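Each in structure tokens, the structures are laid out below.
First subunit A sits with subunit B, and in the next complex the same chain sits with subunit C.
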Partner chain A sequence: MTNDDGRHRDEAVAPDNTTDDQRQVAPTGEGAVQAAPADQGTVTPEPVRDDAAEVAVISKPAAIGFVAPAIGLIGLFMMFPAVWALYLGFTNYRLTGTAAREPEFVGTDNFTRALDDPLFTSSLWVTLIFVAASGVLGQMGLGFTLAWLFRRWRGWTRRTIEVLVIISWIIPGSVVAFLWRAFLDGSDGTLNAMIPGDVTTEWLLRQPLLAIIIFNIWRGTAFSMLLFDAALNTIPPSHLETAKVSGASAWQTLRDIVLPSVRGHILTTVLLVSMWTFNLFTPFLLTGGGPNFQTEVMAIYVYRVAFGQGQLGFGSAVSAIMLLINLIIALVYFRMLRERRKKA
Partner chain B sequence: MKVTSAVRVEDNDPAGTIKAVLSRVGLYVFTVFIGLFFAVPMLWLLSAPFDASPGLGVSWPSFTLDNFRGVFENPRAVTSLWNSLFLSVVSTVLVVIACAFAGYALSRVRIPGRNLILYSLMLFSAVVSGTATMVPTFLLIYELGLINTHTGVILILTGGMLPTALFILKDFMDSVPRSYEESAQVAGASSFQILKDIVVPVVRPGLAVIAVWALVNIWGDFLTPFILLRSAELYPAAVVIYNFYNEAGDPNLSLVSAFAFLYSIPVVLMYLFVNARYGFRFHGGIKR
Partner chain C sequence: MRIHLRRSHAAALLIAPLLVLAACGGDDDGSGGDGDNGQEAPEPSDEPVHLTISHNATRPQIEAVWIEDYVIPEFEALMAEQGREVTVEHIEGGVDDYKTQLALDLSVGEGPDITSFDQFWTAEFAAAGLIEPLRTLVGDQVDEWEGWEQIPDAVVGSLAVDDEPYGLPLGTDGRVIFYRTDLFEDAGLPTDWQPTSWDEILDAARTLQSELPDIIPMQLNAGINMEEATTLQGYIPLLLGAGGDLHVDGMWQGDTPAVRQALEFYDTIYSEGLADTDMQLLTDGRDRSFEAFSQGNLGMLIEGDYLWRGVINPEGNFPLEDREDLVGWALIPAQEPGAGIRGQDFVSASGGTGRVINPNTEHPHEAWELLTFMSSYESQLDYVEREPRITAREDVNEDGIAHDPMLTFVAEEVLPLTWYRPGFEEYPQVSEAIQFMVENVVSGRSDVESAAQEFHSTLEGIVGPDNVAGG
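And now, the complex of A and B:
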């Protein structure tokens, strides 16, 4: 459990790699079954098949021993909590009191209670707006624009902007949160100082949702920028040359040549960015979910009910709902990758 | 700034020229705006730590290094930086070692259920996030009696980083030819010797990638220690700095700013180093 913000972004690489890998694995997967009898003997006499060669390098028991520590750590400290969340969601587990000693099974009570809680539904809305505005529109829109402009740029302007965008992405979350608190401060903040006139707007109180949206665009644009930069580099320059020679406007080139060729990357980014933004805890550092729950995204809601109020069972139920939403996005993503692979 | 004009300029077409000029001006304005948008909120981190009386705004500092002395004289701040270092180094070492073994085996041997392992790893690493599982994670560590220990935090962080690191490393391992290992085996080397003496040196770049990646992520992680630790002397910098500025009353800005600077500088330096040496790009799906 690690990604309250910066971290999951890099995992973009993971699913992509894996599927590449699965592609290599899949065809030989059936071969493995056939080769299995041969594996019983220690050495295969004729290493014709790839699988046979694999057997030769390292023995199966050793391999299992090699894999065990990693799988054990992942299984116990990452997978198990996720599965356990589901079970706990059906209990009235609490931090203190009698329910802490003997949690009872309460059926789907927690889930129906969540759906009946106006703060839960409003939190769902806040999260949805936050994901759409800061992640999909903001980070991806700005990230794409920058990558698109960078295509023609060399030199210090590009390098400066790139470094600034990436540094805002890698500085620890609890530091950037304070930078933004200072920046948005009503009486001394730099933002108000930059606005002409005597402005003393407390942005985090007056426009809290907008504030965390802009903050998150600032925080996370780097990922989309880097990904789109890589994607745009895959377009053959000759295609763009042809468009230019035939007199297509910049907009026409973008619409007819660029966007269709990076469609896959865009879809991937939409899903990954949505999932990470959905699971973001960083707004907590900026606003704590307030004022008046206006910035209480799902992650903060879970934190408040589970640790603030000690309702661990209820918190687990909400966690399970979050995991379910993640699962849906992930399955859509995997399905999309598979279809793209089929086409390729 | 060298920008090739986005619009072709027709020499004898005044309308076209005006359009070209306007689009260029628009581009400059946009560039300046974006540059400011990303730079201005960061300026405070560069000015306040060196200012004798830092406020929340950005101003040219009346230069001093006293703020840093304040940090080093504050036991909570110093301890927390050591804690951050300890947590990130130990977790990173665990991730790298566990990954080297598992990545090698998964890359080379068809152990039973390998595809199932890989698929479920991929699915879980996508679905499970620290925030979505904070409650069961807390309870698991609580039941194991590891609440308020660094061990608990390290185990959770390691488990969380491992799947992604494993995929990255397995990718590197897959690209290493097997011929060396085969000759070593013929020469009678054990699996462990092959891994240690042949594979690890060859995939060193892959190990470096996952090490840097894990280190930066764990260094900045807030939620895990925030939930699992209770005693102030165990907190890493991420939590302590939050407590510094979130405590009731006005935060001590000389302390917060210098502390934030010291806490951020390692990852920034690491990034600048990696960027200068290898280029910081998504390359073949991996950020190297």
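And now, the complex of A and C:
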């Protein structure tokens, strides 16, 4: 495939390592580490890849035939319900009451109502803060740090660390929530017991947003760690050694060699983690969205209006808005990915 | 390949929230046309019949124990005597959102054959076609039941729409101020206490606060997490005590002086620290308030008689062995004597529960037999022996609860002056708006004035501006 050129190109800066990829990197190859800026400024002429050749093995009708069942299933189980939910967003459909039996078309009322609702706006902010702090900064930052720190470790120490991190990721959410509530409880929580003195802080009430952010970092770091671990392994050791020999500091190595090499992985992780976090409902198990909506992320908002208050139509409208926001995140991501490829 | 993988991941993540809701919108045509059960209910069959029953309770709650230990074996034996093979299965409920789950179950043609039901859900479930009148489901046989004579019309009406009963009522309750006599004694307050105004409640709370600084003087339900408890035993008794009501002369009452007076009272007790705000905002706050009361860390608690019979009874979740000695109860006073609704000196609010037959049941006839078996004199008497409570049946009340001083007090002193929730399908939404308004005040999110104004506009959104008075 065509999108993995980062590695190939970077090998250009390590002339002594031109073994299997020589045909690609031959044209350039100037400069040592210091000369290879982070922005991958060296434009490598891309050999003309014959994409057609790859699919030419099967005919077009046959290809369509192979894809059709998948498309059909996606259409039936994903696209149709999505469109149906979108339609519900334009009605006053309810869980109970007259509007459950005879929903009426209300146009864009639900959407304007949502945008007018201060709780919707606040839940959007809470969600964005939650995504940025716990997902992007927290999980990815910590995941990368862990992967970087332990990249050279081998054997049981490494495995122990990996297991510990992964356990927090694979325990069922409800169990984890129970553990965290016990941990943060005011009267007999573990955290307060660990703090010297007679502390009875109700953490889930005093620092609710911080609590769910830390909870989610703890919970989801494993994914980023595993992904970055795999990414770091794709950097040829020779690059790092060259950097070392050239006298690059750890920070320079990280900035000029490592980060550019794993940029594609970082982008992918940003997309997955931010979407996951954006749609996450688990904070509900800790705080129920409270106190007084301080931790009401959008998934909880939708749950509250749709199932708590029975406004399924309104809830569908809000879901559609969530979809739109996710779509924007995805578009930005694909854009960045394409630009990266174009540059390459 | 990687790109493709990512795209499909992305697509799945994108659509996930919509899918959940779409799943709810599937089957709205299945609810309306259940008339086929009609008048011609099937005759008792010889085929083995399996019934399911659900109550929003789990062991050791008495409803669950009673169903498993009494109802199921006795009913199965009774059927066996008649040569019929009927088995009954108890599906444990006991979830926070029992109502939502039930509505979803019913809307797709599922759910237990018989389910417990709160009186105030009747109008909205009936309007949605999720439940059906008993006569529609079972037929004329309904009118032949001996129990109707024992149940007052008002109580039958609590589970009826347009005089058509949708289920059999189980009982009613009343709201009072419970207080710990031991704490009152320690603080130098009278143990035989009956406040006659809001100020006297505040005086007692302030005395508790200064004399016993380690305890919480009082608790008045206020949070969204308290759900209906906030409305029915927090806000409503205050609103009624200030002379207000929810629905008067065909108009919902919005931002009225009584609303603001009720909110002022909330604001006073929570801002002075007479009550604990945290306990209202935590997701398990109500249980914490029960626990604090049973352990003697809470002086006063405005609650329904459920607290007495279901929580602090020796077999309850927070048992208090010598509750007769340690717990007192008093009527909830109006703001001033005579200032309450209908000019009353004291006020209360009542709810009620019952059971309904699932319109989707395959065995409406047997379900009806089970339903009436559970509401028979013998069964209800067995129930009140396990947990004395005011039942719908007058014959059971006469024989079953006379020995319980608290329930006798409710039956004789509270019920005559109580108030029932208006039977409109919008009520549950109004109730949520109330919980929201009250939490905004006690959490300090908004002041009394803006909370009341916000409630007014929310109310207009629910029932339409033309149906709202005040403001």
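Operating definition for what follows: the second predicted complex is superposed on the first by the 252 of 344 C-alpha atoms of A that agree within 3 Å, B and C clash if a C-alpha of one lies under 4 Å from a C-alpha of the other, contacts with A are read in each partner's own complex, and residues count from 1 in each chain.
The criterion applied here is as follows: contacts are C-beta pairs under 8 Å (C-beta built on N, C-alpha and C of every residue); 3 or more make two chains touch, one makes a residue touch a chain.
Every value quoted in this text rests on a predicted model; they were computed, and no experiment measured them.
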Subject >> subunit B versus subunit C as contact partner of A:Phe105, first or second or both or neither >> reply: neither
Original post:
Once the shared chain is lined up, is A:Gly308 touching subunit B (first), subunit C (second), both, or neither of them?
Top reply: second
Original post:
On subunit A, which partner touches more residues: subunit B or subunit C?
Top reply: B
Original post:
Which of the two partners, first being subunit B and second being subunit C, lies in contact with A:Met275: first, second, both, or neither?
Top reply: both
Original post:
Of the two partner chains, subunit B (first) and subunit C (second), which one does A:Leu205 touch, if any: first, second, both, or neither?
Top reply: second
**OP:** Give one of first, second, both or neither to describe whether A:Trp125 is in contact with subunit B, with subunit C, with both, or with none.
**Re:** neither
**OP:** Could you look at A:Val175 and tell me whether it touches subunit B, subunit C, both or neither (first, second, both, neither)?
**Re:** first
Original post:
Between subunit B (first) and subunit C (second), which does A:Ser316 come into contact with in this model arrangement: first, second, both, or neither?
Top reply: both
**OP:** Could you tell me which stretches of subunit A are touched by subunit B in one complex and by subunit C in the other?
**Re:** 1, 3-4, 74, 78-79, 81-82, 84-85, 88, 93, 275-276, 279, 299, 302, 306-307, 312, 315-316, 319, 322-323, 326-327, 330, 333
Subject >> In the complex, subunit A residues that touch subunit C >> reply: 1, 3-4, 74, 78-79, 81-82, 84-86, 88, 93-101, 103, 113, 186, 202, 204-205, 268, 271-272, 275-276, 279, 287-288, 290-292, 299, 302, 306-310, 312, 315-316, 319-320, 322-323, 326-327, 330, 333
Original post:
Which positions of subunit B touch subunit A when the two form their complex?
Top reply: 1-4, 6-8, 27, 31, 34-35, 37-45, 48, 55-58, 94, 97-99, 101-102, 104-106, 108-111, 114-115, 117-140, 155-164, 166-168, 170-171, 174, 178, 181-182, 185, 191-192, 194-195, 213, 216-224, 227, 237-239, 241-242, 245, 256, 260, 263-264, 267-268, 271-272, 275, 280-283, 285-287
**OP:** Sort out for me which residues of subunit A touch subunit B in the complex.
**Re:** 1-4, 6-8, 10-22, 24-25, 29, 32, 35, 39, 51, 53-60, 62-64, 66-67, 69-71, 73-74, 76-82, 84-85, 88, 93, 142, 146, 149, 152-157, 160-161, 163-168, 170-183, 185, 187-190, 193-194, 218, 226-227, 229-230, 244, 250, 275-276, 279-282, 285, 298-299, 302-303, 306-307, 312, 315-316, 319, 322-323, 326-327, 330, 333-334
Original post:
Which of the residues in subunit C come into contact with subunit A in the complex?
Top reply: 1-3, 6, 9-25, 28, 31-32, 97, 100, 103-104, 107, 121, 124-125, 127-130, 223-225, 278, 281-283, 425-426, 428-429, 432, 439-440, 443, 445, 461
